[in-house]
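Below you'll find the structure, written out as structure tokens, and then a few comments.
As written, the chains take the letters A, B, C and D, and residue 1 is the first residue of each chain.
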Amino acid sequence: MKKEACGLFAIYGHPEAARMTYFGLYALQHRGQESAGIVSFDGQKMFEHKGMGLVPDVFKEENLRQLPGDIALGHVRYSTTGSSQIRNAQPFMVHFKDLNIAIGHNGNLINTWELRQELENEGVIFQTTMDSEVIVHLLAKYLNGSTIEEALIKTLAKIQGAYSLIILINNKLIGLRDPLGFHPLSIGKVGSSYVLASETCAFDLLEAEYLRCVKPGEMVIIEEDRLNSIFFAEPQKQSSCIFELIYFARPDSIVFEEEVYLARKKMGTILAQEAPIEADFVMPFPDSGVYAAIGYAQASGLPFEMAMIRNHYVGRTFIQPSQDMRDFGVRVKLNPVAKMIKNKRIIIIEDSIVRGTTIRTRVKKLRELGAREIHMRVSCPPIRYPCFFGIDFSSKGELIASKQSVNDIARFIGLDSLHYLSLEGLKKSVSWKNNFCLACFNEEYPLKPSEKCGKFCVEW
Amino acid sequence: MKKEACGLFAIYGHPEAARMTYFGLYALQHRGQESAGIVSFDGQKMFEHKGMGLVPDVFKEENLRQLPGDIALGHVRYSTTGSSQIRNAQPFMVHFKDLNIAIGHNGNLINTWELRQELENEGVIFQTTMDSEVIVHLLAKYLNGSTIEEALIKTLAKIQGAYSLIILINNKLIGLRDPLGFHPLSIGKVGSSYVLASETCAFDLLEAEYLRCVKPGEMVIIEEDRLNSIFFAEPQKQSSCIFELIYFARPDSIVFEEEVYLARKKMGTILAQEAPIEADFVMPFPDSGVYAAIGYAQASGLPFEMAMIRNHYVGRTFIQPSQDMRDFGVRVKLNPVAKMIKNKRIIIIEDSIVRGTTIRTRVKKLRELGAREIHMRVSCPPIRYPCFFGIDFSSKGELIASKQSVNDIARFIGLDSLHYLSLEGLKKSVSWKNNFCLACFNEEYPLKPSEKCGKFCVEW
Amino acid sequence: MKKEACGLFAIYGHPEAARMTYFGLYALQHRGQESAGIVSFDGQKMFEHKGMGLVPDVFKEENLRQLPGDIALGHVRYSTTGSSQIRNAQPFMVHFKDLNIAIGHNGNLINTWELRQELENEGVIFQTTMDSEVIVHLLAKYLNGSTIEEALIKTLAKIQGAYSLIILINNKLIGLRDPLGFHPLSIGKVGSSYVLASETCAFDLLEAEYLRCVKPGEMVIIEEDRLNSIFFAEPQKQSSCIFELIYFARPDSIVFEEEVYLARKKMGTILAQEAPIEADFVMPFPDSGVYAAIGYAQASGLPFEMAMIRNHYVGRTFIQPSQDMRDFGVRVKLNPVAKMIKNKRIIIIEDSIVRGTTIRTRVKKLRELGAREIHMRVSCPPIRYPCFFGIDFSSKGELIASKQSVNDIARFIGLDSLHYLSLEGLKKSVSWKNNFCLACFNEEYPLKPSEKCGKFCVEW
Amino acid sequence: MKKEACGLFAIYGHPEAARMTYFGLYALQHRGQESAGIVSFDGQKMFEHKGMGLVPDVFKEENLRQLPGDIALGHVRYSTTGSSQIRNAQPFMVHFKDLNIAIGHNGNLINTWELRQELENEGVIFQTTMDSEVIVHLLAKYLNGSTIEEALIKTLAKIQGAYSLIILINNKLIGLRDPLGFHPLSIGKVGSSYVLASETCAFDLLEAEYLRCVKPGEMVIIEEDRLNSIFFAEPQKQSSCIFELIYFARPDSIVFEEEVYLARKKMGTILAQEAPIEADFVMPFPDSGVYAAIGYAQASGLPFEMAMIRNHYVGRTFIQPSQDMRDFGVRVKLNPVAKMIKNKRIIIIEDSIVRGTTIRTRVKKLRELGAREIHMRVSCPPIRYPCFFGIDFSSKGELIASKQSVNDIARFIGLDSLHYLSLEGLKKSVSWKNNFCLACFNEEYPLKPSEKCGKFCVEW
């Protein structure tokens, strides 16, 4: 499956636009560690710098100096293994007639295969495997005799799937979300400069004020310091990605106008109501389970502990361990506090179970340290179906819940009990303002990819 | 002040000694981020590789390949600014007659100045400013006609201060702690190989079994797979560094035979008893205050929250922010969850207050977000006196508590109330087995540095 | 002006195709130091690695490992300052339907502007400023319903200017030269593998046998170890670039079936006949003038000396000199042997004079060292007109000969006499087999760029 | 054998002392490519930066900024393989009492082993294997109650062998040469600043005026802008290293008050007289044989050619060639011009033959290209004996002339005739002012290393 979960940031009319974008991406680093890129526009020319790796590794002071201008657009891309390449780094920048066009995309289209077929039949060549390139080709095609806005609306009418986009066309900055609103995009303001970002934590870092979400089907156009809004599509039933709240977004962010921290805590609270059990304490596998664990502990009245310690330096590549160091990759990240585990009845809170193998190794270690009982509570329902809209479960391997029952999973991991948050519980964790895509739990895809495209999206 | 807080690791008789040492240092990275080094011995020759930076940056696969042999000794050094240099990286390796000698030191001597004077009068030249070089010169001097053990005992009789040492002399590996036992050093075993490490978290990562501490005044000699023990000094009242428990050691480690996690939690528990207050919740400034905050929350019955979110990618150097981004360095590390703060009465748990300026900035931010009351509880007494034994307070600037009253500090930071753990409370947090150096709180230095040396140690 | 002087190399059917290409580029490094790239094809997929800098800096062992397959195509690009970017590195690789297409180009098109206009009107977007991208778009356009060869012939009918091209389309390797044969491209064979290269020195390094030139207007198609030849254009009067022989190609190469070494020596020989003068010795400014100086010395009977010594380590970037180190950049490359210069009458042989300022600095230095007479003989006529076909004079600044008489130039440089090789003399230096483009000397452009395009080519 | 051929540079009283030293080392790069280092003194503290590799790779702008002060001392070290290490990079810097001492050494001591024994018996430890460390320990020993000059004279009385030294002791800069004057060291002046350098080419680059050689047994002391001279040893028969003139120094340098260019040319001239032969032309294997070849060509009246072309980019490490690319390392450096070789009778001028294997490969290639006759003339006598004073023949392997007759060597290489310059001829090539060490040709060592030390020097 293509990995399209990414972070977007842009700023308009700031004397240090590229530097601000650098810090915006820094705050969004958790959304993509594979590559980072910034494009700037100085009124005449467009400049870009992209590279593989983390934001502070890709950009040095001299790179920023070569990104002049007061408009900038940045992108971070998800970490993958193997075939990831610099040519697939974003923003994707092209020239068309007298226009410089740069585009950053978060999400995944489901009719890419058909669109590429169609475009190739018209003689279009492709340099990358990115959806962004398809979008730009369509845009160029429709720009013939149309305004930018018209061409863009025609383009959006052709593409299907999940897309939060930021597009810079000369000195026009456009932010938009697909009509179903799969992925987030927010509007902020710092001084007189508008900023766009995938998550509000980027605004916090820059001390920008959070104004509002870009709405599903809305396109905001920032030009000469004014922001105009156009709705390019009919209102539909919103299908925002619930996984942004469960796992993906930073806990200090607001996405889809939901407070992530509160949503996660609420999941834990409801989990405690749905599946209470006697125990000595509640603990997360840090960091993902922390906030639901806090919610669970408060609701259950059980003590909260952090008895698995995270190595803060993990994340940097290290040398291969010796052959006899089994499960090293799991062990190096989290180390249990032996004394806390021995003879204890423990409730572990996890945000999700994908393949289950890492969790199994950790649970086994807790058993070795003498844990008396180990119960697991998961803050979402079993993930049974693939995502076509930008969340890459399959990179972690096959979905254990698609083939095994909850009991089988509990046995596989070595748990005394296992409970997943119910779909109803999950829905109650978030506000009623929003409607979420729950397809990975219930197979109710808001959009159905064609068979061809499904295959293409997955195997490309 | 010299920065001597460091991490030590060694292994004897393992076919992948350097690789195991690499991972040992990886686990001890929190004890020193300035430089890292490994020395190995293959029965004939001694090999070394050292560099500035983090362990995974200093060592690549090819460096390990150039460290053959089944004995290895590694060292990580504290991060400092400015004058830190590769020549001060450890282990410090020299040749003397047919001996290859490598030494790693954690701690700080207090009679360095006098010893250097004395040695220079005998014609000794120095290449570094490290205590280790002084120790090796003394060792060489006494080796004339003595066994290694005898010469080492004579050397140790000359030096005063804090020293956990690991010394490799050809195929003899020696670990020792000063008679007052300032800093930790533990013995473990993996397969048939002995390992030595500053903290037991290194054993956990390598799946080594923790055997015991090296005792104050004890020297353990590992040779041909046997471990012998010699006590080189009369037993004295132990003076282990309490700061290892308060702040420095990893929470999953055992140091001085104390469980760090439990000690920190106990500090929080006692703090709750000493200074209870009504509030909506308890929260740490992560990560240092987490465990005391858990203790405080459990003892007080108040909810535990993690409403300040840590950026996991901080630690890497980044580009300078714009001039108008005030307090950026503070903001980039922790970001509060606005919704959790507004209108709340908050108890913040900190492990210690050195200069107070960073904390002040954070508290100010919480006020801006609408916190109703902000109370701070600190899990140690006010730090009023400098440390001569290896904990570098002054690098963070002047000690606020040496000049201001608790009330003044509360006002400076902007708190509604501030309470420090009492000395009695601190003592109760740790087991009675140990006696600790509390000089930074009560000026009762277990060893008094001479005036000259005091100056030298600080100003060098 | 665009800098399109580049080096091309490709190999077909060799188990270590990428490695061989690496060494081919290594031998062609003098043709381009800005960037280097290799594309390989393993029967299924196309792989690429490109980077800024010299071949040994861009490619490491691990990069080669990621270029599997037995067909490879490589490119080195001319060194420029400022706007050069990784996105303009070649080979240029795209996907079109089920085809992987990679292209390497040496030369410069003169109707790029018109072609881009035309293509953009058809909706084509551009990611680079390279002619290669234009060529590929045309190719894609014509591939609709045509064979690769037909589409390529249609494409070539559209483009005007100088182009030696190597194109890899899946497992078909195509080498071709424009009908006027501006730039070189040769065919060789190593074992059973065909190789293509800009210069034969690449064959020598790989111990490949030199077979012949690709002819002007010829396209050779290598597939399944057979080489087929198609002439895609009517024979025209050949216009090979004489500067390849004067300066650009390596002296141990054969280009246009001319021995470069012999041609340069012959230029010196004729120069001696055209402008003899009494002197103590003849010397080159190494390395470019060496071979003509040998010819001049032999023809004149005067001693040959190498009294200007070249620093072999120059080429690597160095730190900025102090402000008071005038002319440092000139001085660091060549240093005269003072004793050889004092009181001597010297004939200096240069291959060409572009701006004259560097030469002037050197001549001034010789005067300071006491040279009695300094005469200069230049192995080509005055360069008066810009080149539109790939040799970048303007990067070295304005052409002094376009504005000043020979006498004025002699006075500017500070020479006692100055003589340029006559156009007739230059023609006699090369064999009668070939016809050369002499437009930079006589303004007789074999192809006239349109006014638009002339401007575009220069100012782009 | 230890590799002690190195380059030295220092400057006193210049506001950009480190930068000037950087460029001085840049000019001396040919004397050492393994490591480079600079030490500076700002009146209070001494600063250093050293690293493995070439000067422009070791020093970046930021490194120079960290080398303040108006006195600086630099060193480049010979390229070796394998055991070379950063800890053996120079200048060697130590602290002794209130003195900062830095030392750079060119040459090789022959009583190092005895001195180390003696010092170790006094308790001295060694961190490196460098002679410089021995010298500094002696200096420290004698500084007790003596002035710096007295202590240095006592030190020099103890050491035997070849040493050109530059020593910086706080703000005193000292340059000296051993009493036999093995290696060069010259004095220059730029503005009001004295400079010292191994070769005068460094003065040329900095536009410094060459004043004179430091004399054998002389010590010049630069302090407060005055230069004082002391002779620390009785005058002896000078024994300067003839190899500096044959091969090692740059042709544009003056060493031992000899013009290197003229000396090399003269060797060629005498060679032509000693061993004339009919041929079509004379050519060098560039670059070492160029100047003797010019001399031979002029004396013999035969044409001079450069029919072996040197790859200017060689010197950078490259990827391993394929297994079937035989003799690649030889071929990549020099490529013959085939057309010039075929059917020709060729005289090749070489500066020396050490092992003969590289030359053999080249000659074989010339045969394959159809050379009719190949004669070799070597501009020094057969090298039969090892050097103990700093020229490392053995790194190139065993000396072929120590075991084989000239005829055997000719046969091994594949020559039609071979002639070495006679010892008498060599002596006539240089001026009568100097006396040279010719021990590698005639075994007349000016100093005899003890058996122990001989072994130590070689095997260390």
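We adopt the following convention: contacts are C-beta pairs under 8 Å (C-beta built on N, C-alpha and C of every residue); 3 or more make two chains touch, one makes a residue touch a chain.
All values derive from a computational prediction rather than experimental measurement.
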Chain centres computed over CA atoms; the one at greatest distance from subunit B is chain C
Here the gap between subunit B and subunit C, centre to centre from mean Cα coordinates and rounded to Å, is 61
Averaging C-alpha coordinates per chain, one finds the centres of subunit A and subunit C separated by a number of Å equal to 48
Taking each chain's mean CA coordinate, subunit C and subunit D are separated, in whole Å, by 37
Contacting chain pairs, sorted by label, are A-B, A-C, B-D, C-D
Within their complex, subunit A touches subunit B through residues 16, 19-20, 22-23, 26-27, 29-30, 54-57, 59-61, 64, 201, 204-207, 250-252, 259, 261-262, 287, 290-291, 294, 297-298, 303-307, 309, 311-313, 315-322, 325, 328, 331-332, 335-337, 339-340
In the complex, subunit C touches subunit A at residues 48, 86-87, 93-97, 101, 120-127, 129, 136-137, 140-141, 143-144
